[in-house]
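One structure is given below, represented as C-alpha cells, and several questions about it will come after.
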C-alpha cells in the first residue's frame, strides 16, 4: 500500500517533534518534507532541531532539509503546528494551492468553513467540507481543492472528549472547568523554570477563551453545512502547574436530566465512536478510561494510557452546586496536539477526503 | 508586661515547628512547655525534633523536655496541633483541667460549644464562650473554666477570608472552589516525593468535606449563643500540587445581588476588621491583598505577603456560569495553621478571654 | 519452550513492581509466586500492591496471593528485592532449600561465596559458583544445591559499567565519583517531598560505602574461585536530587597509562560483552551509549536508552587533577535493580546454572 | 550621614532586582539611577521591570526612569550586572568617566588591573588599585579616577570562601569540585522548565573554566601590585539541578600537610576576616557556618543563613583519593552576586576607596 507523503509545518517545535515521533512507522503516512518559520531554514533537520523527546530522532528524518512554510512542498498533505502568528496565512496559502491542511494551530479553528474536529465526538462536522470532497473525488486525488481541518486546543480536546458522552446521553446545561496544565503545553523554551518551580501560575494566555469557545463549536449541532455552537455556558479557569506532560481538568457539569453518578461512569466507560469502529491506526481501544481509585487520574501515571490517546476520568461524584463533578486527564502533546491531528487525518482518509 | 506562658501540643510536627518559630520574640506569649504524642517524650526538644524550617531552632526552646500531651503542663494556655486521632481527647482533657485550648486540629471544629474562628471574619462567634469568659473574669484569671477555640482547616481559612467581604456586601448564594494545595499541608513526611514530582494528585482525604462544612459554619449567623451555618451550597474539588508552601483556590461565586467586578475588587481591597482595628500583633495590615497583574497570585511570590498572614486575590472577573470568579492564595502553615491559632489567641486576649 | 517459574520476594515494593513489569511476556521466565515481608501477606497481589508504575498491573499477576518470603514457594528460582533487614536470612533459607536466588538486596553482596555480577563486566566471577553448577547438572535440574547471585547497588552498576572498558584497556588507578541520584532509588514512600522539592540532600545512607566497596569487588580479579578486589582507591560523594528515575555520576578517573579523550570515547562506544554476544533477552544492543552533545546525558532524555538497560556517557574530556573525566547516567530501577537481576538470571541460564 | 548615590547597570535582570532589594534601607547607599541594555529604556522602572522576587518592589524605585548604561548617570558609583556581551565596554566607559564600578559581570574579572575580590578572602588584592586610591584622596572624593572592582562568578564565591581557611592553615595542593547549581544562576527567563523538571543538565556554559580560573586568582599571592595565581590545579564539573536558589559544591581537597577532619572543621568554624572585624553592614557574623547533621547543607534549609551571605559547610570527612572532602552551599544571587558586590563596595568604602 502506498503511503501518503506528508509535510510538517512547524517541524522543529515541540508539537512538530511529536508529529515526527508519532509518524515513524505509520502505515498510511510518510514524512517527506519539513518546514519551519524560524532561522533553521536551509539546514538539515538533524542540525536544525534541538530534539527534546526521549529517544533518538528517527534516522530517515535527519537529512531532510528544513524549508520555508510555503507551497509548494514535496508532499500530498501537510500537518501544521506553526505558531499562531504565521499559521493563518501559511495554512490558507497551502489550502489555496490544493493541499489538504491538517492543523493543530488556532488560527482557523473558528472559521465557518473549517471543521474543528475530534473524530470520536463530531465526525459529522466534516460535512462542512463536502463540496471539497466531491470536487476532489472528481479530480482523482489530483490537486483539486485544498481544505483545512483543525483539532482543538490541547486542554479543550480533553474536556470535550469527556463531555461528549454526557451531552449525548443526558444533555449538558452548564460546565465549570478548572484546569491544571503541563509545561509542555507552552512549547519550548516556553515556561521559564523560575516561573514554575515550587509554583503555580494561574494564567495561560487566551486559554480560558479557547476552552469556552471551542468546546461549544465541537459539541455544536450540524445544520446543513453549518455548525451551530452548543447553547450551554462554560466557565474555565486555567493554571500552569509543574508537570511535564498531561493536562488535568476538574469539571462540574449540570446535566439536562437527573442522573446517578453510576450512570455517568457507565456513559464514560462504554464510550466508543467512529475511530474505534473504523479501527483507525492511532485510535485508542477506549477513548475514555475510567479509574475508580480515589486518587486517580494522575498525570505521571495516566497520561500514556492508550498510547497517549485515551483520556482518563476519575473522581466521579455528585456536586452540591452543579449536580455532578469529575476529574479528567489527557496527554496534551499527543491526544491534545500531534496525535489529535494524525487521528483527524486518518478519519479524513477513511471517509474519502484524502 | 508579663507574657502568658504557652504550651504547645504536637510540638515536633510541621505546624508545631511553625508555632515555635512564630512565637519567638512574641510580646504576649512565651513558650514554656512542649508536648508530643510520639516517641519523642522525655527528650530535649532540640534532640526530639527534626527541625525542618529554614534557620535555626530558637535556642531557648532547645532544652525544653518533650512531655506527654496531658494536663498538667507548666503554662497558662495551650496551642494544639496534635494529629486528629489524639487531639479530640487530649484537648478535652486540657479544657476540663481549666486550660484555654487554642487548637489547629480538626477534632472539635464542628462542636456546637466551640467557636471556629477567623478573627477578621467572625469574632462575634466568641459569644459561644461567653459563659466561660464571665466565669474566668470572676476567678481573676485563675483556673476557672477552660475552653476550646479552633481555627479552620488550612485551605478553608484562605477561602473563607476571601468570601467574607463578599458575603457582607453582596450576599453569597453559591460557591464553587477548586484548590491547588501545597505539600506542607500534609505534614512531615507527608506526601511521598514519588507521588508529587512531575505529578498532581486530585485527592486530599476529607479536605473537600472540611471546606464545604467549615466554611458554612464560619460564615454562619450567630443566634443567641448558637451558630447557624450559612445556607448556601459549596462545592470543593481539591488537588495536591508540587509546591512547598501556599494553598491556591480558584473560586466561582454566585452573589446575592448584581455587582461589577470592580465592586468585588474594592470589597477585597478595603477589607479590614477587628484584628486590624485592635492592632493585634500577628494581624497583617491588609488581610486581603489584591494584585492586578494577569498572572498573580503565585505561591512562591505571594505566600509571604503580610508575613504569611495576608491572603492574595487576583484574576477577578465575571463568570458565565456563576457570575463572578477569582483566584485566592494564602500561606497554609502560617495563615492556614500556626499563625491562625496565634491570631485567635491574640483576639481572645484582647477580648478578655485570657 | 518451557519457561522457568519465578517467585518474587519483596514483590510489592518499587523494585518488586519493576520485576513484574519487566517479566511480563518474558520468553524464559513466568511469575508464579509473589511474596512480601509486610502486612500484605494473604491478599491477592492486585489488592496488596499500590501499583505505582505507569500502565496497568499485568492481569495474570493480579490474583496471585502474596505469601511469606519463606521456602517453599511454587517456583524454580526466586528474584529478591527484600528490604536489607530481612533479605539476609530469607535468601539464605531459600538457597539452603535448593532455590537459585537472584537478588537485588545488599545483604549477601560482599559474601565470598556470592558473585556480585554485572554480566557485561565480570561474567567470569560466576566461577565462584562452579561447585554448585556441577552438582546441579548431575541432579538434572532437581533441587540439588541452591545458591545466591547478586547485582550491585543501583548507582554502582552504572559506575562500574562505565569503568569496565577503561579498566580493561588502560588500567584504572584512582576514581573520584560524585552522584546525583533519583528519588525512586529510595523506594516508596521513600523520600519525603518536603525534603527534595526545591532541594538537594547531600546524603544517602551507606551509599558512599557501597560504591567504594562493591566497585572494587566487581572489577576485582578472579583467583581460583576467589575474587580479589581491585586495588585502586575510589572516593564517592552521593546526593539525592529531584529526579524521578535515573542516577547520574560525574566521574574523574586516573588511568594506568596515557590516553587521549578520543581513546576513552572509543573504548566506551565499542564496548560489547557476553550478554550481547549471547543475545540475552534483556541485554541492550549497546551497553554504553556515547552522546557527543555538550549537555548530555540527561536523566529524562537518556534514562530509557536501550529499554533502560544501556548507560549513557557524555562530557568526556581531560581533567587537570585526575587526568580524565566524564558523566554517566543509567536507569536506577531497571539497569540498577530489577533489570540487572533479570539479566543476571539470563546469563545464569545461558551458562547452565539454571 | 550622607549616603552615596548608586546607579545600577542591568537593573531589570535577576541580579539587578536583587541589588534593589538588598539596597533598600542600606545605611550607606541609596539607589538614584537605574540603567539597562534592553528595550526598557525610557520607561519607569516599575513598568519596565517584571519584578520576580517575593514581596513588592520598593516604592521609591518605582518611578526611576530606566536609562542607557552609559555615563553620565546621576550617581557616585555604579553596580553592574550587565550581560557579558555589553558589560565590558560599558564598565570601561564608566571607569574612564571617573566612576567606581563594582561589577558582578565576568568581562573584567581576569584583567590584571582589576581586583577579583571576596572581602573575607583577599582584601589585600585591593592594592592593585592603590594608585587609584591615592589619586582619589587628593581630589577629595571628586571625579578623580574611576576603577573597576569585580566579584567572582556565583559558584566560585562559594567554593573560594570554603577553601580560604584551608589554604591559609594547611596549604592547598589540588581541588576537585562537582557543583549542583540553582536555576536562578541562569537569570530570567534562563533555564526552560522543560529542561530541568524531573531532570539534571550536566553542563553550564563556561562555568567549569570560570571556577578553575577565578579560584586561582582569588587565592593568588599579591606581588607588588600584581596578583600571581595560586599554583594548584582545580577540576570542576558543573550541573544544573531543579533548585530555585542555592549553589552546592561537593569538594575534595588535597592539603599541603596532614590534618584531621576535626582540624578542618575548626578552620571553617573559626573563620573570620576583615568584613567581620570592620563590622561591614552586609557581612555575616560567620562567613562559614558548619553543620554537623549528616544530611546538611541543603539548599532550601541553608541558603538564607546569615541573610544569604554565609556559606554552609557539612559532611567534612576523609577521602581515600584526595585526602579530605566536604560539601559547601551558598546563596547564588546574594553571596554569589548582588550581595557580593555590595560587600565589596562596603569594603571599598571602609578602606577609603570611595
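By written order: A, B, C and D. Residues from 1 in each chain.
Convention: a contact is a pair of C-beta atoms (placed from the backbone, for glycine too) under 8 Å apart; a residue touches a chain by one contact, two chains touch by 3 or more.
The structure presented is a predicted model; accordingly, all values stated were derived computationally and were not measured.
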item: Required minimum of steps from subunit A to subunit C, each step between chains that touch; value: 1
item: Pair of chains joined by more contacts [C-beta pairs], B-D or A-D; value: A-D
item: Centre-of-Cα separation between subunit D and subunit A, whole angstrom; value: 48
item: Between subunit D and subunit C, distance of the C-alpha-averaged centres to the nearest whole Å; value: 43
item: Between subunit B and subunit D, centroid-to-centroid distance (C-alpha), Å; value: 40
item: Where subunit D touches two or more other chains at once, by residue number; value: 52, 195, 197-198, 242-244, 300-301
item: Residue ranges of subunit A in contact with subunit C within the complex; value: 52-55, 197-198, 244, 300-305
item: List of subunit B residues in touch with subunit C within their complex; value: 14, 52, 183-184, 188-198, 242-244
item: Subunit B residues within the subunit A interface of the complex; value: 174-176, 178, 180, 195, 197-203, 212, 233-235, 237, 239, 241-244, 248, 250, 252, 294-301, 314-315, 319-322, 325, 327
